[in-house]
């Protein structure tokens, strides 16, 4: 179905352009954002990705379309909670461990999107659930273990206070994920999002509401940097080395 | 200046109607909201209140107008941080103690508005400052004392997470006060406000942004209930006892 | 299913951590927020709570999941209006009476969430319904009875004006509950919420939109303070008594 | 300065087009919206209006520009509270009385914009101030007089609850004016505006925040209808009587 | 079902309080807001209203509940477009004519809510539809007839520009009704609402989004004033004639 | 000061990178957005642009900084109303005429930003001011001339209705510019912006609030297309002609 | 069904007024906005349009109503992706080519609404899909072809960055279309919309969220101007040539 | 002034509690958020920090208060652009280089806050300015150098598109900083913030508007992880090792 040779860096499927170069550039093949795509479109992109990279990941996919895609690509695994559909796995393992910590039971689907994306990317995950700030002892019971994680993904809805608290307990980077859990003044996650961005704790950054996938990706990117080490060459912006005319 | 006899329940100053009955009804005389009123208007209302009640409180008053009013009413005390101007004090003391806890040094003006209003209302105050959730040990160092407070007013800007955490540590009522401290995503206090309202902690309620005064008032009203005890008579809504036609 | 000994203060169910200590700390066992949890998750938490505390309360639960949970825990009572599911009752009664006043017939589900939560917490409730401010005589007919209530929960949607009016009539604490009743400019309850927070009446505080449960909890916490009396010991924040290193 | 003959219906000043026909069409000459116009622009329009109509009104004008304009047009009256500048008066009086009722002393400037505009339009005004809903007896003391007003303009900031309450007491039309008085959750008058629009009381409509002028205009337009009586001819939309091609 | 004697001014149905006095006070019996009420609740209120007033009106009622209510009260008329259910009619006719003008075919349901409410209130209606400002000649074709209407209700969604244009063409009062018609930047009618409130045209006021009923009510209240004439007695707020203590 | 040779396509000033290639690519040299830049930064960029292109334009510049820049670059023209500072002019004239139409006198600064930018770009402008929709005859008086314009820029604040009306009268492209003129519900221009985007009129598009410059630029770009004619070669996206690897 | 003679310029269907004059005025017959209209209403308008103009276009029409309308008007083409239903085609072709460029596969329905509307209007379209800015090489591979397009419509959801990037690459006019694709912080397209309006790129304008139709219309209007050439006569606003009284 | 012994972990200044333990816990001493604090408060905290840690950093400090603080603490460096005031420097250097890339000259203050914070934290910085997406070649000229940076901080206002584009070019972590640069639809940086959160590019996270400091901190925390390496011990959340009761 896809009209591209093995050498092409960008495969043109008409409705989609699969960027095969991304693995070289970003270290991981392109991932398919499932929302708003029809099952047959997803199937075609999966075909294209699996041919070249042996693995594929689809996010935010409901069960009905997952079933359709799995009919074309039977070897995959679909998890209805996280809405992830995946084939294959990372060729190697990244060093370290990411703690995926979530505030409430209702935040679990987003936490699982993060955790399972990390696993697909070859990262070890430690899960800690239902440790919201209203019952602080549940969290403090694990204070030592928390401080030991190399990267932390903290998932919370409602007022979204957990990442501030966790960030104050650790020195390693924290990625905060607001969720749409809550009602009324929680405004479908906007309140948690704004709260995390306004947090007085330093050393954390934030991704979109319910975006466990994005948090996982950045955590893996941090561990990738640890794995490869920093670039020995200096970064020089003083002249336009890549300028088309140069 | 005010045209009213001592017997009038509502004094009509033209631009304002002073509700002398409020002390009977609410236990405390009317308080003057200083914003948007001219100094001479405030002076006239203060005259009217002091004649009848011997004490007066003006909130949200800038230093310039405070100086004008103090020229007419020299015995008062003005605090530029809390922007409160007051004369006299409560005839008696209420039982118990209110803890006024604030997250950061920048939240102090609002915390002081609460604390000094409480003092004017005859309530004992214990202050705890700069115990934001990003450095949890500063707060936990006072866990026992916190749990001992009869009512808690918790003041926080930015993400406004402190009230959730405090509420989880105590059984007595917590009143949360969001402040306009912060920038960007804190939206002049709206983020802290929405966060407190969305909090998963149970047993707390919220007042307007920067409204230390309102929180103090409700705390005093709770302690007033403790002082007087519950009403022995049942509350009966089954017939319209007060209906004008009855 | 739950793996915890009787001695554990926090029971770890994997997806949830039940905080058995909360009854000691807050006076009441943990309550289950039903939204976003699957029926089997709720059932497992209920098992855990009933084993230890003999009673349990689930909020914001739709009829379908309630039916599933009731199959595992047959003795409970489900009310489709308030969406509360409960087992057992408070071991003792709290003093006083809470008036639950609501503006319109459409606000009744939220008022009932408050009223039935109070009853489960051992508090006597007096209900007054459909007394919105557009027909003031309906409210004024009960002015004397209203002033007699020890705590007042006032529930209103649309413009949310009722709590201001009620607060002006009483000296005891008022907790305002905005509801999502209304359309257009009422913005799913945000307008009522902001209106209540902006109210000029002093002595009231506000909880989240449709959060009858939270209002009930705080009302009970106030009556609990009346029951136990204020703490005779002073609240001392001057040294770090609880500091881990102390 | 204005280049137009006495016969022109629209006077072209370059930066402005004065619609002399409006008096014929709307019953009153055009009014100058003062915001964003330079003093010399206002002066030129005033010249043009006074030549033709003998009277003029400028709204939302600060004291500094008012002084400049008054230098060119000395006979006018400027009121710094309402920020109105006016010359001349209506040639006749309209029947009836408009009650201008305002919730708090801080709302007075907007109430005065309404009241003085009405007086300029030839309408009798009855003022009632500082009768906010938190002290209901101040309002109810005037219940009979309120019900007697032919049109009511009700001005309120903060939660903006007064118009709902007043509307429930009367049968005549109520025009609600939200003001920007308040802080925090009052969002510069947006909360009062949305609250008034969401009000359950029937028979009232709303104008823009702080728009006392607009409310006055509509009140006068209602009394104008009373003065002239309804049109005896039917309103017929069944054929295109005015179509250019007809 | 309703427990009240014929003499009672407020009938207490438990979940609702029917204000029989409203007809005396406002000239028309209470109207039932259908949203959020169960069919059996509506039926009971209708019983109560029809017993006393011979007529009743329910607004915002979907077809399913309308059918249930009609089973108890067979003589009523239900219109699925406007979602109004009504019995009986006004005992007399009001003078004059209201033009109900709407911008687009999609705005018709709201326009019909206004028009049919007016008819139930005894007011003659002239309808003009699909005359949005993007095709000005459709509107101008009726300019003479528009200017002849005694009151104008102008209904528009999307950018909501029609009321400004119409107001500029007439001297009689205009009531603007924003609708939720549109998509994207129209924000479910909020854009039209804000636009109408910001309009530069003077002499119009605004009601809630999709609130054809409210506009009709105010239009009828204006014509009621024309019918009864202005009050000959002065409105005197100088002393507290109605004060309970007076 | 700028370190670049005549041959460089991008001049690196350290704090700024001047894109000399833009004239080749876009037909006009880069324009300096004045907000947030210090006078000496602007001066340096102007030096760089004038050396190469003989002309320069700075937008959104206050008088104080304009004066500083003019000290370094004396030949320029500064207009305080539009806040434009400019040197030189377009080497040639574009065909056609742009009508710049504005709703109110207060919108003139934005209209002038559009008009003077057009003149700097070599486009003939026809100005029509103060023709807001509330006085439709002022606009209709120029209906024929309006329909004759090749491109129309329509500037309006408050409810922003003018562009819809104008678009309905013409067949040529209309660019709508909302302004921040208004108060209260106009939300600093956001209401006008959303209204224009929601407009039912087809054939218009919208630029940012107060962005007269952007509208002028697009109008010139349309007339540029007329001047050069359409591209005779087909646009072929079927293969990756420019791919770096191709 | 429609009651109008062939000579009428506006056909009155009762619920709709079809503006036959629009083809003369705007060059194209009226288009039917499908949302909120019932199938039989659409059918009647289609009858009316096809009788006079031989072609018709309905936008935003779901499949169910499309089927109903096609039963009455069998010759039409319905595309479920773009939700367009159309009959006939433009009598002639416009010069030039419009590039319709979209950021992601999920944006295709909106891009198709633009592309197929253009085809119905007689414009040649070149489509480029899935070239979002996160994989810049996919876009740059077509840089030469992009610069060759006469008008560009750029469609993007999420952060909506593509139009800025494309505008920087071309000199011809760009029309940006935000889409509702995305979740959380994308706020149903509002974020993309605001981003496009705030873009630093000059030479682009914006239409409503998901409004591919509006973008197509303006693109065609630009090419229409190229086809007809600019108006040779000057645009003169100096006197009121069309004034009714002149 | 500060009452604490050298051994105390938290120094209580009354208005502030300095967390000396933070250096042990987070690797860096506490930083002072300058907004809302008085100069004498800042001075006292600086005293306390410098005594213990030899270095201090104050953020968001205006020049006037900086001067006051420098009078008490003369050795510091104040930069008016970034509003940072600092003493001392990091005892060691972290490995790698952070690229601080900013879209426009007006974004430089925020970029400098990030860059100078990094330098204070002992991190090497490479700056690249004025490479906004509207002139893509300015950015692409440095593509190779960009891909070489170990962590990237990308600063942009207006539509905030630059981080998406940069993220697509690299595999290392990107931290996006929205700025308040822009006007109208940019909503003081909210649009850039929401755009960055909605970005389709994977591998980036976001901090608050204008929060260059927070981005720097997280970048340093990532390089700290590289410096120390991942934790060799597993992270075990399976039992409550730190539970107070354990």
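The chains carry the letters A, B, C, D, E, F, G and H, assigned in the order they are written, with residues numbered from 1 in each.
What we mean here is this: a contact is a pair of C-beta atoms (placed from the backbone, for glycine too) under 8 Å apart; a residue touches a chain by one contact, two chains touch by 3 or more.
Quantities reported herein were computed from a predicted structural model and do not represent experimental measurements.
Participant: What are the chains that chain G and chain H both touch?
Facilitator: A, F
Participant: Hey, which chain ends up farthest from chain D, C-alpha centres compared?
Facilitator: Result for the farthest chain: A.
Participant: Looking only at C-beta pairs that count as contacts, which pair of chains has more of them, C-E or A-H?
Facilitator: Higher C-beta contact count between the two pairs: A-H.
Participant: What rotation angle takes the CA atoms of chain E onto those of chain G? Round to the nearest 5 degrees.
Facilitator: 90
Participant: The B-C interface: which of A-H, E-G or G-H repeats it, judged by over half of the contact pairs being the same residue numbers?
Facilitator: A-H
Participant: Where the centres are mean C-alpha positions, what is the separation of chain E from chain F, in Å?
Facilitator: A distance of 46 Å separates the two centres.
Participant: Using Cα averages as centroids, what's the distance between chain E and chain H in whole Å?
Facilitator: 57
Participant: If I count partner chains per residue in chain B, which residues reach a count of at least 2?
Facilitator: 9-10, 33, 104, 135, 137, 140-141, 169, 184-186, 193, 197-198, 200, 202, 208-209, 240, 243
Participant: Across the complex, what residues on chain A touch chain B?
Facilitator: These residues of chain A touch chain B: 103-104, 132-136, 140, 158-161, 164-165, 167-169, 182, 184-187, 191-202.
Participant: Where on chain H does chain A make contact in their complex?
Facilitator: Within the complex, chain H contacts chain A at residues 25-27, 31, 33, 95-97, 99, 126-128, 137, 140-151, 168-173, 175, 193, 197-198, 200, 202-209, 213-215, 217-218, 221-226, 229-231, 233-237, 240-244, 246.
Participant: Across the complex, what residues on chain E touch chain C?
Facilitator: Touching chain C: residues 9-10, 14-17, 19, 21-22, 30, 33, 35-37, 41, 60, 178, 180, 188-190, 193, 208-211 of chain E.
Participant: For chain B, which residues count as touching chain H in their complex?
Facilitator: 104-108, 129-131, 135, 137-138, 141, 181, 183-186
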